[in-house]
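Consider the two complexes below, in which subunit A is the common component and subunit B and subunit C are the respective partners.
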Partner chain A sequence: MLTFTLRRLSLFLFTMLVLTLISFSLSFLFPGDTVINHSGQINATATELAQLNEAYQMDKSIFTQYGAYLTHILNGDLGQSMASQSPISNEVLELLPATIELSLVALLIAMLVGIPLGFIAAINHNKASDNAILSFAMLGYSIPVFWLGLLAILFFSIGLGWLPSAGKISLLFEIEFVTGIQFIDILLSESPYKWQAFSNASSHIILPACVIALAPATIFIRLSRAAMIEVLAASYIRAAKAKGLSFQQIIFRHAIRNALIQIIRHVGLQFANLVTLAMVTEVIFSWPGIGRWLIESISQRDYTAIQSGLLVLSCFIFIVHILTDFIYAALNPLARGNHHGS
Partner chain B sequence: MNLLDIRNLSIELDTPNGRVLAVDKVSLSIKEGEFRGLVGESGSGKSLLAQAIIGVLNDKWHVHADRFHWRGIDLLRLTIDERRALLCRDIAMIFQEPMSCLDPTTLIGEQLSEAIDSSQLSGHFWQRKKQRKEAVVKLLHKVGIKKHSQCINSYPHQLTEAICQRVMIAIALAGRPILLIADEPTAAMESTNQGQIFRLLANLNQLKNMSILLISHDLENLTHWTSTITVMYSGQFVEAGSTEQIFNKPMHPYTRALVDSSTKANLQLPTKSRLMTLPGSIPILQHLPIGCRLGPRCPRAQQTCVEAPKVSNFHGHKVSCHFPLIRETAKKHSVKHEVVKGTI
Partner chain C sequence: MAREKIYLEEVFPSPFMQLWGIFRKTPVAMVGFCCFIFLVILAIFAPIISPYSPVEGHLDMILLPPAWHPDGNVSYLLGTDELGRDMLSRLMYGTSLTFGLSFIVVIFSLVIGVVIGSLSALTRGIKSSFLNHFLDVILSIPSLLLAIIIVAILGPGISNTVWAIAIVFIPQFIHITRYAVKEEFRKDYVLASRLDGASNFRILYYSVFPNIVERLMSQATLAQSAAILDIATLGFLGLGAQIPLPEWGAILANGLEHFYIAPWTVYLPGLAILFAVVATNLVGEGIRHALKLRKEN
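Up next is the complex of A and B:
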């Protein structure tokens, strides 16, 4: 298990190095002066510029420049936003937790809905319920997320008035910023209206999370259906049947764990897709997350913010990847051994 | 009384080109305490027949039978679930390829303990866990695994194929079956282990009066252990009788060839000469011959062989052939000579 962990950590390290290399090279590719793209100080005076050149070592070779850039990032200095002239790291720390919260809730919904539905479809293979679930999956996968978001607002917020259409929580509640993840902050706060705030925040997150979850849920349906059909045809299921186990025992003791192993691997891959959907959805539902901030920076040509935003988001996605790898290893005894080349 | 009595069992497979008759009207009966061997080349439908008996074939396969009795109960009148519930209690099966028949993500101990029926345990519910564990250890010792604690706490991929096979046998014995179907139980083992497993099966047969259906392609090895033998070829019934009848006085040309192809029968052969075998190989499912499926390879085949022969019974020695080797059995040497001439 230790070698497994070390392996993942070294993979993380090298991937992060490549990511910083890409974001470093973006400063050269974006229009404008490289050092201004690095730091985001568009209104710098001549003396400040000289200082910046010194700090980023722009007169030295490109390798030294990269080293200087890396030191800046490791010190938590991602530069200033060109649009707002405030440090990007502060903005990221404020906005990223909201995106993490939204995407994790969406992932949870997608898994909780998609995987059992896929299992049900596989167990009733080639029957009416299988076909119904498959056609639902096809439909859900084909609907574009921005259109679905608008429809959901139109129907549930404006038409029926059940759920709020924008924001993280009603402005009436004052929640102190501790971790940035709304639900944890609410539970930590001393406010007497804690539980009202909690239910209000929940009603705010339902609509955007469900909109994001739809497409990944349909993918999970198909993945889990295929995995379950494969597992149910395996010879150890046949042997378990001959052992005299009932159908439920076979499903719950043997089939589900083996099918889940095959699905968990794909969860990490689907998460990147899910974050992309979350970015679009954040714009529609005015969710104060990093996705909306990134899309705004793109429209404002805020190069420093784009660069750092990409770095932070991809880092987050990669961490989720590694976490799913650990869950996979915990579930699958075959992956824990010292296999080379994996 | 017959424990298991099957008449004219057919198994059909759904393929894109229509249904194929994989097993064609095979009859099989097993008495209480009988040690029966089921022999045939690979691909002759032995495993298929065994899986059809225990009822674990998937939807692609269709099984029909004229009679299917288990201890006097007509199984054809029961629904599939009732049948499986009845059979899984009394019949256990040892599958081929033990590695793929054990759940890769569950510990061996867990897989073994779930095969133990809770009716075998006597204590209260808080004593059950301990009793279960003791029963698991006992089963492992019975099949010759000495390091039980190590085995219980490992996953199938951490064990060798031979130990996995022993675990499979232990799982099969856990239900204390009346009939044990062993589908090539020693395929992955070296000969010393093979002997141990066969001795274990023979012991169970003699001491516990457990009936055993042993499936194998190795006729010579089988004759040491079994009392009766059924021979199959390409999904058709060939011959059935006591081991002596089959081995010493085979009536069907196929059984004759099977006996002659064993190394013991070939001992007198001069060096570097060809072994006695039938020409050709077993037909594939898509191109089965009509009538007697041995026809194209049979040295005694004639025009009538395009129709499937009826089973004829000679004092309990059943054979399905139009031209059985009856009269010649007295003059064994001349028959052998004749067959050899036919094969070359």
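Up next is the complex of A and C:
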């Protein structure tokens, strides 16, 4: 486990290095002055500009410049947003939890729906229900997410009026910002209307989370179906059958456990896909998350925000990636001995 | 004694023809393939067969519903949008933008990715390990996010979107080619031609490529379905095709304002995207299914 941890750690450091290098070079690629792109201070006076040049070591070699940039990031200084002139790190801290919340709920829905369906398809391999589930998976995988979001709003919010179409919670509720994850904040708050707020927040999250969850759910269907088919063909299942175990016992005690391990390995990879879908969905559902903020920064040509948004989002994705790797290794001893990291 | 059979030479179809033989027998895959060909033809001939211009408005025919609606007009089969532009013509032209461009993008990234990937498969040591890790990092960033960043550098517009998506797809082709070439190089038939004195490039060209072309095609269909969705998504977000262009995502975004009174301006482009992606995915599924069957035989 120690070598596994060290290997993951070195991969993590290398990735962070490449990611910061990419975001550092973006300042040169974006139009405008490099140091202004780094710091986001578009209205800097001559003295301020001189200070910035000093702080980012712009007169030294490119390696020193990168070092200075890295120090700024490690100190939590991502510069200012060019559009709002407020520090980006504060904005990110406010917005990122909303995205984390939305994508985790969506991931949960995708797994809860996708994995059992995939198992059912695998158990009825090559039968009508298998084909039906596979066709559903193909369709769900192909629907453009923004279209699905619009149809969902038209049907559930405007047509039936069941669920709200925009925002995170009704403006009537005042929830103090503690962690940024709304459900935790609501539970922590002292408000007498805690449970009303909780149900209101849940009704706001259902629609966007389901829209995001559809495509990953279909991928989980395919993954779990493939894993289950492989496990059911294994010899220990035949041995269990020969022992005279009933079908339920075989599936629940032996097959599901071994198939689940295979699926957990792919959760990290699917997460990147899910975050992309979340970015687009946030725009449609006016969810106050980092995806919407990033897309707005592009239309506002807010280069500092784009750069930091890329850094923060890819860090987040990569951390989830590594976490799932650890969970997989903790559950599956075979993975720890593997010399080739995924 | 069936002596005459001796002279009948046994013909082994090439791996690719074997694959086609299996592919042809899967009806669902063939339906997908026909739809795919239909889209390709539409993308090429849209300017000739579309009834109206995609950007010219007919101001007396604003927001006309499709022809099957009681208020519809049969000369505007799929209705018109808020400027009186014919939806059918716009969708037809959109095929050459969304579908046609995604096709070109994928071919472009495929060629570059295969060249870099097969060269890198021949290298070893620190260079190869660095490339491997670097690709892992790039691949862990979602493709749409990366495309958005590149569009932010280049500025919005359809040609910049195409470049961005082409750049985004190159790493996955490098990755899959590298992996496939390395795997083939371990096999005995490569050793056999190496013993015949063939150089690395000769082995690549004559022995390895014919054996990995289907895997690349299957990856290409995956990439194309993603490319269609990415071009449309960028168009929808206003970062891709700009206002008068009839790109499917942009048409959809354009119809948003009249979503409630003219839902067909949103339904139809969405259905077009769905149709194109499903057709591409069916072809991809068919190839993967055929590959699996061929391996089992």
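Following the convention adopted for this analysis, the second predicted complex is superposed on the first by the 336 of 342 C-alpha atoms of A that agree within 3 Å, B and C clash if a C-alpha of one lies under 4 Å from a C-alpha of the other, contacts with A are read in each partner's own complex, and residues count from 1 in each chain.
In this text, a contact is a pair of C-beta atoms (placed from the backbone, for glycine too) under 8 Å apart; a residue touches a chain by one contact, two chains touch by 3 or more.
Given the structure is predicted, the values throughout are model-derived calculations rather than measurements.
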item	value
Simultaneous placement of subunit C and subunit B on subunit A, clash or fit	fit
Partner, of subunit C and subunit B, that touches more residues belonging to subunit A	C
Touched partner set for A:G161, first subunit B, second subunit C, both or neither	neither
Which superposed partner A:R253 touches (first subunit B, second subunit C, both, neither)	first
First (subunit B), second (subunit C), both or neither touched by A:G244	first
First (subunit B), second (subunit C), both or neither touched by A:A234	first
Which superposed partner A:P333 touches (first subunit B, second subunit C, both, neither)	first
Touched partner set for A:P192, first subunit B, second subunit C, both or neither	neither
Per-pair minimum CA distance [subunit C against subunit B, superposed on A] in Å	8
Residues of subunit C touching subunit A in the complex	133-134, 136-137, 140-145, 148-149, 151-153, 225, 229, 232-233, 236-239, 249, 252, 256, 259-260, 263, 266, 270, 273-274, 277-278, 281-282, 285
Footprint of subunit C on subunit A - complex, ascending	11, 14-15, 18-19, 26, 29-30, 138-139, 141-147, 150-151, 154, 158, 272-273, 275-276, 279-280, 283, 294-295, 298-299, 303, 306, 310, 313-314, 317-318, 321
Subunit A-touching residues of subunit B, taken from the complex the two chains share	51, 54, 56, 58, 84-85, 88-89, 92-93, 95, 97, 100-106, 114-115, 117, 155, 157, 168, 171, 174-175
Residues of subunit A touching subunit B in the complex	233-236, 238-245, 249, 253-254, 257-258, 261, 331-334
